[in-house]
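I have a structure I would like to understand better, so I am pasting it below and will then ask my questions one at a time.
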Amino acid sequence: MSEIRLNNVSKSFGGVQVIDGISLEIGSGELVVFLGPSGSGKSTLLRMIAGLETIDGGTLTIGGKRSEHLAPGQRDVAMVFQNYALYPHMSVRENMAFGLKNIRMATSEIDRRVQDAARILEMDALLDRRPAQLSGGQRQRVAIGRAIVKEPAAFLFDEPLSNLDAALRVRTRVELAELHQRMQSTMVYVTHDQTEAMTLADRIVILNNCRIEQIGTPMDVYLYPSSRFVAGFVGSPGMNFLKAELSATDGKQIATLGNGSDVALSVDLPPGAYELGIRPEAVQVRATPAATTGKAAVVEKLGDRTLVHLHLDDGTSLTALDGGRSEVKPGDIVHLDFDISQLHLFDSDGVAHHAK
Amino acid sequence: MSEIRLNNVSKSFGGVQVIDGISLEIGSGELVVFLGPSGSGKSTLLRMIAGLETIDGGTLTIGGKRSEHLAPGQRDVAMVFQNYALYPHMSVRENMAFGLKNIRMATSEIDRRVQDAARILEMDALLDRRPAQLSGGQRQRVAIGRAIVKEPAAFLFDEPLSNLDAALRVRTRVELAELHQRMQSTMVYVTHDQTEAMTLADRIVILNNCRIEQIGTPMDVYLYPSSRFVAGFVGSPGMNFLKAELSATDGKQIATLGNGSDVALSVDLPPGAYELGIRPEAVQVRATPAATTGKAAVVEKLGDRTLVHLHLDDGTSLTALDGGRSEVKPGDIVHLDFDISQLHLFDSDGVAHHAK
Amino acid sequence: MTPTTVRRINWVGGIFTVLTVIIAVLWAFPIYWGIVSSLKPEDEVVRPYIELWPETLTFRHYWFALTQTQIGSWYINSVVTAVGVTVLTVSTSLFAGYAISQLRFPGRTVLWWLILASFMVPTQVLIINHFVLMANMSLLNSWAGIILPQLIHPVIIIVYKQFFDQVPKDFREAAAMDNASEWNVLFKIYIPMNWGVTTALSIVTFIWAWNAFLWPFLAVTRTEMMTITVGITQVYDAFGVYYAQQLAAAVLAGIPVALAYLLFQRKVTQAITLSAGIKG
Amino acid sequence: MTPTTVRRINWVGGIFTVLTVIIAVLWAFPIYWGIVSSLKPEDEVVRPYIELWPETLTFRHYWFALTQTQIGSWYINSVVTAVGVTVLTVSTSLFAGYAISQLRFPGRTVLWWLILASFMVPTQVLIINHFVLMANMSLLNSWAGIILPQLIHPVIIIVYKQFFDQVPKDFREAAAMDNASEWNVLFKIYIPMNWGVTTALSIVTFIWAWNAFLWPFLAVTRTEMMTITVGITQVYDAFGVYYAQQLAAAVLAGIPVALAYLLFQRKVTQAITLSAGIKG
């Protein structure tokens, strides 16, 4: 009853196409994240759903109702802005009530909704404060409260965590996930932070250059990226990309790396030049001779794990993930094995092929 | 020959003590990171070394020379500012040469140094551009170049990565580490980001409330935090803190958690109430009954690993680190084991005691 | 993290200090000298050298201004016209500034340029025009005649536009999501978010209007319709030129402004800094 | 991510449009009417109703102003005094603004308050004082006499202070690390970083000085020492009051300003918006 359907929507700014025929269905109760670098069109797409940008072509249906020509206030969606946009001269209570007053809702009903939202977000004590008297995290909460009181068909979040510091961001991310589990409402969430997308989303929509690169669950996108762009954008530390020459010998396929090492793998691809993609956790540091060797350049100890930045003989850079108590030191020559079940090959068009 | 020695330095702003008798020795060629939350005094301490803040008491020696009364330009240190502070009306070349011209260095020598620095930082092509024509990462590089041309006894960095986006920050962090390995110069680096501190530092100086909490190598600080503050500040995801009652039975020490579970451990402490600290990676998710059980509230899949946010029976929150392909789902009851070699107990004064 | 830069007061700073003290004295001197002169007998004032303190201290110029002139009517005229100018200017400028800043309508850019250009029109051209226009409309020697030509204060529109421009567009969008009408956006969001500007601009407009001289001087010929700033120049008409008497009247005329300044000190400073480009 | 808000031009927008067009017409009308009137014979101008176009088009008022008056000398006087005021005001204000913004010296706060307060002094008090002072110093009817009292432009000091305040302190600190002296900081960092402000303020000061009327009018009695703005008011002295002739002279006086405006259009706009609090 509160799903969102985009059918072939498009938009241009001054002759430049910024959204090019995107179709997408967001299920009722689903949390979908639009993930992409800046300029990918993810914010524009969200704002088109909100009504803050016009839709030049295609249709938008929110909760079964054609909405592309409705004013923002009439679309039955609520938005949490990146900078919260709390009215500074109003108390928290007035901020939350403003939208309800504008549609002439009864005062008693407004009060009930504000109280309910305050209880859900544990901010009863803050209702009479001004935004300036709140911390960043509290403001964020009020912004969400202002959305909740509208009891909308869907919530739209525009990079809501980007103004919080690192520690608070992690905590708020978990709170948002809990809130979504509790409220079971439709949410569309825009971010450029792949960690937020991975941890929050039911499904991720990855946008690049105004079009959709991939739609899938977080682990789908992580394990089976559809393109080199997705493979490089999702995951931190990022996937390693190595030049590789694919050949078939004795019915077995072999990818030869720049330093001459051979990696056996199984893909249905013709021989030729490819890029081999492998995530750092699939590169294993061994004490004994293994598939190839590299020289450690920088060793980053994160405590629970260690990132080893290596150079192969031919100068190729490669990052391996080791345990928290790794013994590798800068300058060491280390042996490396590849987890062949986690190899990806990218052809010259950037299309991904996954090893079996 | 280019070590920095602080001996009992202090400073106050309008009657408030902000640096209270800090003594510290930074070895020649060492990279020391000042880590702390905002307001901890870390920036003030750096600026006192730079000469941008006066030193009210104590002595400062830079490269063997008493420096607390010298003007900033005469201390033989170079600083990289958080916002880079590149003069916008000068080209990159002029920016780098400005400090050298002011001490009337010969033009040929200035040119040589600028060329050298540009080569080291791979920015020869940028020399005639204005700062406004550079990307964030390039500006950062020019700011470092402006420091390098002075060939100072020590480099001071004031949160140099905080204006870069996440991906660029990770990359620049590695570049800085490589630069330090190459140049082998003394560096003092201020940050509030524990990841930067962990990955870059030879030694970390952790500041809190205007005093030093702990000095040590990154892994020392991570594995053997001296206080509850350090334990909570270093590491991401953060350490779990659980209320525990310590008792001794049959010569064995037992910590009883809030939900009644017992954890055996070995510490030289009298019985009583403590806080038990354990990092997420030392909390192991088991398929079979183990030390205790919890209910998964939020499961964050990061791709290479999974954070499981749990609640114990008594409502205590706990985070466990599981593998990338964890099967845990929100709502699951999971069994948990603790790695008893990685347990910490904190007494009521916040002092840490580590399990043997 | 409270930042205090080490600022060396070296010899350069010393030179600046001396220079600025000199400038300060030059600045303050005319005011001091004006007040002192108003307390001197007339013959002392016209001596061809500068005396820093009266030989004979006298208050009779003030007594004269208060009893022998129509200073009461002048005060009333000044209050009515200054308040009229303030209310009309600020309220119309507020709408104009909002429209130019926030609404997209045909002719918007042209209007904006016109407002900027109106800075450039030499005052005399306008004054002569205004005089002929007001004469044709028979508004000379009336409050309306004093008020109307003073309503053109493009700077206030510009300041309002500036402040409305600076309101992050998020607020406008949040209001749109909140079903607010255009009037609600203006009266519930933009004006309350800029109360400080409105107060400050009102005070400064009032002071401008109070101090206005050239136009009220031209527009009014009947003594009882004069504003105080014009009236004080009439003090000498009856008895020839008496500098000290004029100065005494000028000091009296300045008192309300000085009072406003003392009462609303912070707001006035804010207003001045505002109109000089410093955000409050 | 280019943001374009959906701005609905609804009926509220429509009302604003109509209102603003009316305001625009009211604004532009006096200028139009001034130019048209200067092209009418004198008897048409004084008709007691408003005619939008001359019955008889004539250029003889312009011919009269150019040939029968000392307009050449007036132009020279205006150029010398306006340039003098501009150079002296901007250069001293620059130093004063820098000192107040960046240096810590005894009396700094007092000086700052004094500058803010000087806004509040009624113009007439100053003018009378200036007149007596200039008379005592025998500077009436001289360029110096016209220039000196016009050098008090606190707004320029305030704008400079504002802009120097806005230079992030990082630059000052980077310069300190770079061994720069106070002069280097001012001339190599602060002034170059604020060239736009200096240009803009110079242009606007020039225009102010060119248009100045009240003080030059009082300070000069000899026809050949008058500035153009004062001179044009003398056009009627010889032959009685002729509005059209006055308007023609006023149009001539405005031409350099109009030219400056057209030539430095962007800079002038910037200057106006600057002094109105809009950053360039």
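The letters A, B, C and D name the chains in turn, as written, and every chain counts its residues from 1.
Please note the rule applied: a residue touches a chain if its C-beta (ideal position, glycine included) is under 8 Å from a C-beta of that chain, and two chains touch if they have at least 3 such contacts.
Owing to the predicted nature of the structure, the values given are computational and were not obtained by experimental measurement.
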Query raised in the report: In the chain contact graph, what is the shortest path length, in steps, from chain A to chain C?
Result: 1
Report task. Could you tell me which chains make contact with chain A and chain D both? Result -> B, C
Query raised in the report: How big is the gap, in whole Å, between where the Cα atoms of chain B centre and where those of chain C centre?
Result: 55
Report task. Express in whole angstrom the distance between the two chain centres, defined as the mean CA positions of chain C and chain D. Result -> 16
Query - Intercentroid distance (Cα basis), chain B paired with chain A, Å - result: 27
Report task. Mind pulling the residue numbers of chain C that touch at least two other chains? Result -> 3, 5-6, 8, 173, 176, 181
Requested in this report: Scan chain A for residues touching two or more other chains and write them down.
Outcome: 51-52, 71-72
Report summary line: As the complex stands, chain C meets chain D at residues 3, 5-10, 12-13, 16-17, 19-21, 23-24, 27-28, 30-31, 33-34, 37, 45, 48-50, 92, 95-96, 99-100, 102-108, 110-111, 114-126, 128-130, 132-133, 136, 152, 155, 158-159, 161-162, 169, 172-173, 176, 181-183, 207, 211, 213-214, 229, 232-233, 243, 246-247, 250-251, 253-254, 257-258, 261, 268-269, 272-279
Report summary line: As the complex stands, chain A meets chain C at residues 50-52, 71-74, 77-79, 81-83, 85, 87-89, 98-99, 102-103
Query raised in the report: Can you list the residues on chain D that touch chain B in the complex?
Result: 168, 170-171, 173-181, 184, 188-189, 192-193, 195
Requested in this report: Please give the residue numbers of chain A that touch chain B in the complex, ascending.
Outcome: 165-167, 170, 173-174, 177-178, 181, 192-193, 195, 198-199, 218-219, 222, 234-238, 279-281, 297-298, 300-305, 307, 309, 321, 324-325, 330
